[in-house]
Each structure stands twice: as C-alpha cells, then as structure tokens.
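Shared between the two complexes below is chain A, which has chain B as its partner in the first and chain C in the second.
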Partner chain A sequence: MENKKGFNITFYLLILPVLLWLIVLIVLPHLDLLISSFQGDSDAGGKVFTLEHYMAFFQSKIYWLTFINTAAYAIGITILAFIVTFPVAFYLTKVISKKYASFLALLLLIPLWVGELVTVYGWMIILGDHGVINEFLLSIGLIDKPIDMLYTNFSMTIGLLYISMLFMVVPIMSTLESLDDSLIEAASDLGASKWTIFTKIIIPYSMPGITSGGIIVFMLVIGDYVAPDILGGKSSLWFTEQIYNEFLSTFNWGEGAAFGFLLLMISSSIIWLALKLTGQKLERVGS
Partner chain B sequence: MKKLAISSVAIATLLAGSLYAGNGTLRLITWKGYAPKALVKKFEKETGIKVKVTYSNNEEMIAKLRATRGGGFDLAQPSVDRISFVQKKFHIYHAIDYSKVNTDQITAAMVKAAKKISGVDGKVYSVPFIYGTTGMIVNKKLAPGANDWSDLWNPKYAGKISYRLKRPILIGAAFGMGYDPFALYSDKAAYKKLIDKVTKKLIESKKYVKTYWTSGDTQKGLVQSGDVVVESGWDAIGWQAHNKNPNIDFICPKSGALGWIDTFAIPAKSKNIEAAYKWINFILQPKNAAYVTNKSSYMTVSKDASKYLDAKIKANFSRSYSKADINNIKWYDALPSGFATIEAKALDKIKAAQ
Partner chain C sequence: MNKILEIKNLTKEFKGFTAVKNVSFNVDEGGFFSILGPSGCGKTTLLRMISGFIQESGGEIFIRGKLMRGIPPEKRPVNIVFQSLALFPMMNVRENVAFGLKRQKLKKSEIDDKVSDMLARVSLQGFEKKKVTELSGGQRQRVAIARSLVMKPSILLLDEPLGALDRKLREHMKIELKLLQKELGTTFIYITHDQSEALVMSDKVAVMNKGRFEQIDTPRNLYKNPATAFVAGFVGESNRLELKSKDGDFITTKDGWKLKRPGLDFTPEVLYIRPEAFILTPAKNLDNISRFEVKIKTILFDGSNTKVAAIESSSGAEVLISLPQNARFENLKEGDTVEVGINYENLKCY
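Let's look at the complex of A and B:
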C-alpha cells in the first residue's frame, strides 16, 4: 500500500512540469492561433466565424503550389540526408574504435554550437560568386567565370541539408550501436554478399533510427525559415516565408494562423502516410 | 514556424513590457542608426531617464505593437505612410500633442507633410524625424548609362541587377513604366490593374535579376562585390558604398526617387509619454540631429542641423540630388487599407515565378 502511494506522489510530481510545459508553452498559444484562424472581420467591424482563411489556401494556386514545392524539397532533403549520413553513422559506430568515434561524433556537433544563422552565412562565404569555391576554380583556370551557386535552389538545398544532417546521424548511430556485430559476421560466414547484409540485416535493424531521424529532418526542413530566406534564390518561395508575410507584411493574422495549422496538419499527414507506406510504427520509433 | 511568427512577437513584447517598465525608463523601438549610443548616454545624463533601445523595421514594429495593442514600448518610429491605416484598424497609437513638440527646430514643410499623411479624424499621429529616398545604386564604371527604374529590367545589365522584393519596387517599376501609382490611391480596382501590369513586367524580366536583396547590408554587399551593377537602394546606403568605392553612387531615377519620412509615434499603452516627448525634442536639437546624420548618412528634418554636418555628408547630398531631382521626389502618401494585400499577393507571385 505505502509503496503504491509513494509511487503516485512521485508520478504526479514528475508529470507536473511536463503538463505545465505542454499547456502553457504549446497548447495555449496554439489555441489562440486556432481561434484567430477561424475569425474574420464582419462588415460592421466585429469578429465572425469564417472558413475563408482556410479556403484561401486551396483557392489560390500560388499557395498550394508553394506548399507542394516546399514539401517536395523537404522529402528530397530527408532522403539526401539519409544517403549522406548513413555511411558516416556506420563508420563511427562499426568501423573505427570507440575512442576516436566519440571524439569524431563530438566534432559533428560543432555546427549546432554556432547556430543556424552562422552556418548559413558560412555557406554564403563558400558558395558566393567571389566565394571560396569559385575563387579556387578560377585561380586554377578550370572555369573562366564564376558558377552561379549562391542564391539558387542548390545553395538552399545544401544549407538545409547541412543544418538537418545531424538530426539524422544521431538516431541512426544509436540504433547501430546496439546492433550485434556477430549478426554481420554470421551472415558473412554463411556466404551473404555485402549488399545482402546491408539490405537484409543492417537496414532493417536500424529502421527505427532511420524513421525517427527522417521525421525530425522532414519537420525541421519543412518548417525552416532562415536557410530558404537567405540562401534561397529569387524563385525559392518557402511556405514558411508565406506565413511570415501574412503576419508581418499584410497583417492578415487570420490567414497566417490558418496557414500555420495547414502546415502542421499536412506535414503530419505526410509523416503518417510515410510510416504507413513503409510499414513502420511510431511506437517502435520512440524506443 | 508559427512559433517564429507569434511567440517571438508575443514573448519579445511581453518581456520588454514586464521587465523594463518604470517611470525612469524610455522604451524606444526604432531603426538601426536612429539612436546612437553617444546620444543615448547624453540623454540619460541630462534627464536621468534610462533609454532601452530595440532595433526593428516597419513590419515588425507594427506587428509587435498590434500583438500588445500598443503596449511594450513608449516610443516607436514607423514610416509616415504606414501609420494612418494601422491606426484606423488597430488603434495602437496616441495622438501627438504638438504643443509639447518643439516645432521651431523642425523644417516646416516636413511637419506639414507628417501632419497631412499621418492624420486620422483630425488628429495627428506622428512627428517627422529622418527622411530619405529609395532610388538606385549604380556602379557608374560598369553601368554608365543606367539612370532610371526601367534599367532594372534592361537586358544590357542581365545577371547584374538586384532589388528588394517589397512594395517600393512595385511603386518604382510603375513610375519606370510611365504610370503614377499614387494617383490611383483612390481607386482600388485601377490600382490592382496597374500592379498586375507591374507584376507581369517583373516576372518577364526576372531572368535578368541576380537576386533580391533583403537588407541594407545585403544591398551594400552585392554592389560592393561587383556581383551587381544596378540595384534599387537607399540613398544613405549608396553613399556609404561610395565612400569605399567612388565608382558606386546613389542616383535619383529619371522618373522620380521615392521619398519616405520616418517619424516618432507614441504607442497607445506608452507608460512614459513625458519621456517620449523629451526624447523627441532632445534628438531633434540641431547638434544631436547632425550627429545622427553624420554617423548614418540619413538626412534629418532638424532645421539648423546643416551647420554641424560634415562636408562629406553635404557633398553626398549635392552630388545625388539636383534641384530638379528634389522637385521630382515622389513622396509616399498614406497607404489605403486593403492595398497592402494587393501588393503582397503580387510580390508572392513574382517570387514564386520561375
């Protein structure tokens, strides 16, 4: 009896900060947004219930096209992030010794320490017309005029990839770490090719890590603002920029709020769909 | 993202509101360069009022004041054309009591303009402070012929053109195409038609654009690096670039530079109105106003400040503005409500076009 009671108190004490966090910092502000997304101005100047803000998204081609564009890029960058980071994660967990691995993993974290804005400016210095890469190529005579890299979809993709990569490496590393090497050895002894080992053992085993990494990267990229705004070119309109414009340029907070919720709902559905299609379960990802 | 838009606005103002309120404090939201440290120190010493400065721009200023219904700051500095429609809709400012403003030290024409443009129902909501124009910054060595808005879609400078994708470019391009957008401020349908034409023009000529600049720093950087030879820009930025490279300079487009006036406006929930008026009268004193101009190159409305201006600053002005140029400046009038939406939709369309 006593034991159970003690457990209860601890339980409530522990849950309290979580609930406070959720309600005060997440639920309340969102409720306010949710209400204003359904509010319109009546002719008399009062507030009336309306769906016009949500309708605006579907009625204007420019809005949903921008969203599709943004989502497509986010999916592409998530896949790219996996391709780029999986070898790194594998190398760090399975190939080199633990001693160096933790040191190298620490180095990977450096971009996080300096913040997104600084890394983005770093890429501007590297990719600009008079940047590091162009100056180098010019000086060795490989090209005679600078290649357009900055302010294009290319530079935006690089920037977003760089910012989000880390959130793919870490979950994959943590699943790969628990993969028993003897499984690989056994498969190898029994004559499996490297490709078979990779697709039949390593990938399925690390799937929870890949999935959670994928979700984080996708959400980060689709909701990012800085990289598309600064590195993106004259044609890379990101959906978040449109929400920003609704709030700050046209003062149409209702539409901005509606777009925010649409972003939340549609991107969540994309993740749900992706989980269904690949046969993953969210519960397994969390473990 | 929603977090970015709403909570940054809300939290910033809440923090600013709760932590720095108090009688001995003036919470000023302004533009970079408008409240130099030396003057803040001087003001604090003279009056004993502590000044807390927040840097911002028109859009953010209005969004912040709207989120708090005019709270969080004691004095704001929006552009004069952005005041009346915001005031009509959201009531976020106090009317200005001109008996408390030392108008003797301000150029009369500027006071008149501010009173006219920021007036709502017979009340005035702003005191002028700094003015300038949006025109063009040109690298005269690499683009010797560029002299009008229409050069922003001149194939001769293909790939070396830049502008900011915000409302000034729509207005400037309209003038460059031979129209007068301000004459259509009373006719929403005609204005929309004109903006549609401008949109079409800017989409067609998008292939000539290197990139859209986004701030004073980026416009300076682009023209200084040589990546861009013709761009829309602010006079003060062009002059700053001129100091580093005499080939670069600010010019008034043939069809007219766009004149803006930045002002003082008092938020509705200002907790220290007295201090706000003190600051206004303090910083418009000729010596202090001249100090702001000497540091930033922005032109001041303070009447006798020219006595204290550096020779270099005066030279900038006479080099870029002939008498005819000054007479041809198109001053922004108060933006009617609903027009911002037309413009924003057009800007989105241009940005998204391939």
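Let's look at the complex of A and C:
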C-alpha cells in the first residue's frame, strides 16, 4: 500500500510541469478565446452570451464553402503526401543499406531547418513567371509565354505538400523499420504477388504510422496560413485566411474566435470519422 | 525410393566469401532430411537457395526432376518455416493459416475446411480467432508449421523452428513434429545446430561445416562411424586426444599414452573416443581391445547419464567414461584404480 502511494506522489510530481505547461500556455489562452467566441455586445454596451458568431458561419455561404474547400484540399494533400512519401519511406528503410539510410533521412529534415517561410519563398523562385521552370521551358522553346503556376491552387498544393511531407515520412519509416523482412518473404513463399504483399502485409503493418502521419499532416495543412496566403494568392479560399481577416481586418474577435473553434472541432470530427471508417483506434496510433 | 529433391554442386558466393561450397545431395520422397551444422556454416543460405529467395552462384537444384533456376519463390512447390516464424502480426490464427490458400483463389468453404483440418492436426482447434501475438511460443510454432503445411508443399523447409523454445517444449515439439511428418508423409528438410534434434527426428542427416557437407548418413551411422574428425567432434560427445606418432600397430597421444590400434593405413593426427566406448574391467578373454588402467578423479552423477572423469595411469591423460546402467559400479569412488578396455574399432582416428 505504502509503495503504491509513494509511486503516486512521484507520478504527480513528474507530471506537474507538463500539466502547468499545458494549462498556462495552451488551456488558458484558449479559454479566453472560447469565452469571447460566445460573447456579444448588448444594446446597453455590456457583454452578453450569444451564439451569433457561430451562426454567422452557417448563415453565410462564403464561410462554409471556404471551409469545405479547405477541408477537401487538406484531405487531398494528406492522401498525396502518403502516395509521395510511402515509396520514399519504404526505400529508405527496406531497400538501401542502413548507413546511407540515416544520412538520407537527415537530408529529409532540411526543409524543417530552414523554416516554412524560406521554403515557401523557395517555391516562389521555382514556380514564378520568371522562375526556374518557366525559364527552362522558354529556353528550350517548348512554350512561348510563361505558364501561370504561382498564385494558383497548384502552387499552394505543392507548397503545402512540401512542408507537410516530412511529418508523414517519419512515422511511416518508424513502423516500417520494425517490419521483419521475413514477413515479406513468408508472404511471397505462400504465393502472394508483389501487389498482394503490398496491400495485405506492408500497408496493414504500417497502418499505425500512416494514421498518425495522416493526422499530423491533415491538421498541419488545414491550420496552415503561410503557404495558402503567399503561394495561393488572391484566389485561394483558405479558412485560416478567413479567421485572420476576422481578427485583423474587420476586428471581429468574437467571430474570429468562433471560427477558430469551429476549425478545431470540425477537423477533429473529420479525423474521428476517418479513424472510424478505417477501423483504427487512436490508442494504437503512435505505438 | 523416388528422389524428390536433387542438388548438384550447389555453390553460393557473397562478395568474396563462399557461404556454400559445392554441396550435392538427394532427398527421398517422404523423407525427413536434416542439415546439422554450427552457427554460420551456411545452413540458412542453402535453404534460401532451395526456396528461391537467393540465386545460386553455381550448381543446380531439381525438384521432382525439374530444374528450379529462375523460378521465383511463389512458384516453387516448397514452403518454408522461417527461423523467426514470420507470422503476420495483424492477422489472427485463422487468417494466417488461410493466407496462402486465399492466394490460390479457392472457394471460401474449401479454405475453411482445409484450415480447420490443419488446425486440428496441430492441436489448435478453438484458437482460430486468437491474435498470433497472444499465443505461447509452442502455439506460435504450430501456427507457422500449419500455415506452410496447409499449402500441401512437395517439400517443407524448416529453419531451426524450435530454436526459440525452452528445453522442455523443444523436447516435446521434437516428437510431435516427427509424428506429424510421418502422418502427412510430406518431405521435410530440417535445419538445426542441435545434434539431438537431428538424430532423433531424421531418416538422413547431413553434417555441414564451413559451407561444405562433411557426411550424409543415417543418424546411427553418423554416430557410430563419423567420416571426419569434425563429425566425430560435433555429433555426440567424445573424448578428443591429439596424436603424436604412429609406430606399427600402436599410436601415441601428445600426453604419451600408447594404445594398440591395428589396421590404420595412414598416420592419424587426432583420436576420438566416445565415453560409452570404454569397457570397465573387461573379461580376460576379450579380444581386439586395447587395455589400460585409469584412476577415478571425480564422479559426475547425472542419473542415467552418469560419467566419471578419470586419469590414464601411464600418461596422465584425462578422459570421460560413461558408467554402465547396472549396480556393479555403484561403489566406485574417487581414487579407485580400474582396468579399462576399448574395442579397436571404437578408437576413431583421423
């Protein structure tokens, strides 16, 4: 009994800094926002409880259309990130020798070192009217005027994909690393084709990694502001830009806060739904 | 007997290192063939060539007379039980066993019947829905074997399948595996570094050392007439004595122990004597034996396997001697001097 109690005290002591950090830096500011999202001005000039900020989202078509557009892109980019990074992760963990693998994995981290803003400007140099691609195509005479790539949904997708890819590749690599090669051999010994091995053994085995990578990428993309704003240009309908406008252009803090919470709740629901549909459990993800 | 597998001059080279050197052997249909050798001698490499996971550098593999070169693993009529078992962790027992059958596009009812039948054979009825991660070592073992056997392979290859089990379970599975093989009549090629597994289960055993086969024989012959010094030392227990010289019918060990050993037409370098080859107080009229005297140093009691460590009187050479299973030598104690004899043919010289 005493032992158990001693353990409990140590446990709470250890968890205290984490709890403090969570409360002071994350819960309190959010609580403040949560309150203002429900606060309206009464006729007398005081503060009253109201749902009008939330109602605004559903009543105005542009708001929820923007949200649907954002969510659709986020889902699409998450799937793209999986398609692009899975072969890379497989190659790094299963095909080449260990000593090159760790070096190449380090190279993958470079975008993270230089920061999002720099990478985004990098893409502007590549995709712009006088950027690397257009100049090259012009010089070999394949086109006679630059293709519009920058400030389109295309350039925004590329940028978002690029900055979020890493968060897909790392969890997938860590699950693939624990995949015993003899599992693949056993499947092929039992008559499975390459495609069957991929769909029945490798993908199910790496599902926890794919799921946690998917959640991170989806959340990162749906909540990103820099890439849609800079690379997407005027035409981009991105929900975080909407929130930004509420706060800083129209100074409607209540509506901005409400939209922020809607973003959090709806995107969490989408993840919850996706987990349900694929039969995954959150506890298993991340292991 | 029908030869189901023929291997001719099989060789495998890894960058500058030859793991399997010029190995040739045949396996009879329905036989239990073991490959016995120390760790790193090339057993797994040999097996992986037969199953098609690696390409041979030279030589030929024939299964039922058909050359296997260029045929991928999934098309070969062999199945393998991996050293690590390689059960699919995301599937339950039933799904694991059904995996290969599903690839053959059989009807669901047919798959179900075959899987239940196979699980019954390996005493795993009622475990269908269990996750393989929830099974004990012995049960996992049986799932791996069932998963391969359900494919009705011409040859089942087993790579040290009992390696991960504890001693007791290993003894038990040894017998079960032998019975299963008899019952099904499938040809087994069994790899092990445990000589007792090889001797107990097999019809034929090949002893492998540094990529080569030293001897292919029945377990009994392997034990009684080891062809090389390596086999004599590796299979069963032996006293090993290095030899100094040969003089007519006599050989002398490095310690200076002179023994009569007629019939040698070469100068041997090393002598092997099994502990049970020693005859304690041999009858006076016994012919064809080398006689000498030993002094008992210690008695190593181990039930039916009791031995004594003894010192040969003339040279001081130390030997291990098995005590016969009767009451006659129960009163033997340390310091006693005993007359001992060994049949000439049990003095194995190489």
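As a working rule, the second predicted complex is superposed on the first by the 280 of 287 C-alpha atoms of A that agree within 3 Å, B and C clash if a C-alpha of one lies under 4 Å from a C-alpha of the other, contacts with A are read in each partner's own complex, and residues count from 1 in each chain.
Keep this in mind: a contact is a pair of C-beta atoms (placed from the backbone, for glycine too) under 8 Å apart; a residue touches a chain by one contact, two chains touch by 3 or more.
Just so we're clear, the structure is a prediction, and the values are computed from it rather than from any experiment.
Engineer: Scan A:Y151 for contacts with chain B and chain C and give back first, second, both or neither.
Structural biologist: First partner only.
Engineer: Just checking: does A:A257 make contact with chain B only, chain C only, both, or neither of them? Give me first, second, both or neither.
Structural biologist: Only chain B is touched by A:A257; chain C is not.
Engineer: Which holds for A:F247: it touches chain B only (first), chain C only (second), both, or neither?
Structural biologist: First partner only.
Engineer: Figure out whether A:G191 sits in contact with chain B (first) or chain C (second), or with both, or with neither.
Structural biologist: In the superposition, A:G191 touches chain C alone.
Engineer: On the A-aligned overlay, A:L65 touches which partner chain: chain B = first, chain C = second, or both, or neither?
Structural biologist: First partner only.
Engineer: Give one of first, second, both or neither to describe whether A:D129 is in contact with chain B, with chain C, with both, or with none.
Structural biologist: first
Engineer: Between chain B (first) and chain C (second), which, if any, makes contact with A:S235: first, second, both or neither?
Structural biologist: A:S235 contacts chain B only, not chain C.
Engineer: Report, in rising order, the residues of chain A that make contact with chain B in one complex and with chain C in the other.
Structural biologist: Overlap of chain B and chain C footprints on chain A: empty.
Engineer: Would you tell me which residues of chain C are touching chain A in their complex?
Structural biologist: 51, 53, 72-74, 79-80, 82-84, 86, 88-90, 99-100, 103-104, 147-148, 151
Engineer: Residues of chain B touching chain A in their complex?
Structural biologist: Against chain A, chain B makes touches at 1-7, 9-10, 59-60, 62-63, 66, 86, 89, 165-166, 206, 209-212, 214, 225-227, 340-341, 344-345, 347-349, 351-354.
Engineer: Help me check something: in the complex, which residues belonging to chain A touch chain C?
Structural biologist: 180, 182-183, 185-193, 196, 200-201, 204-205, 207
Engineer: State the interface residues of chain A toward chain B in the complex, per the touch definition above.
Structural biologist: Chain A residues touching chain B: 29-30, 32-33, 60, 62, 65-66, 128-130, 150-151, 223, 225, 229-230, 233-235, 237, 240-252, 256-257, 260-261, 263-264.
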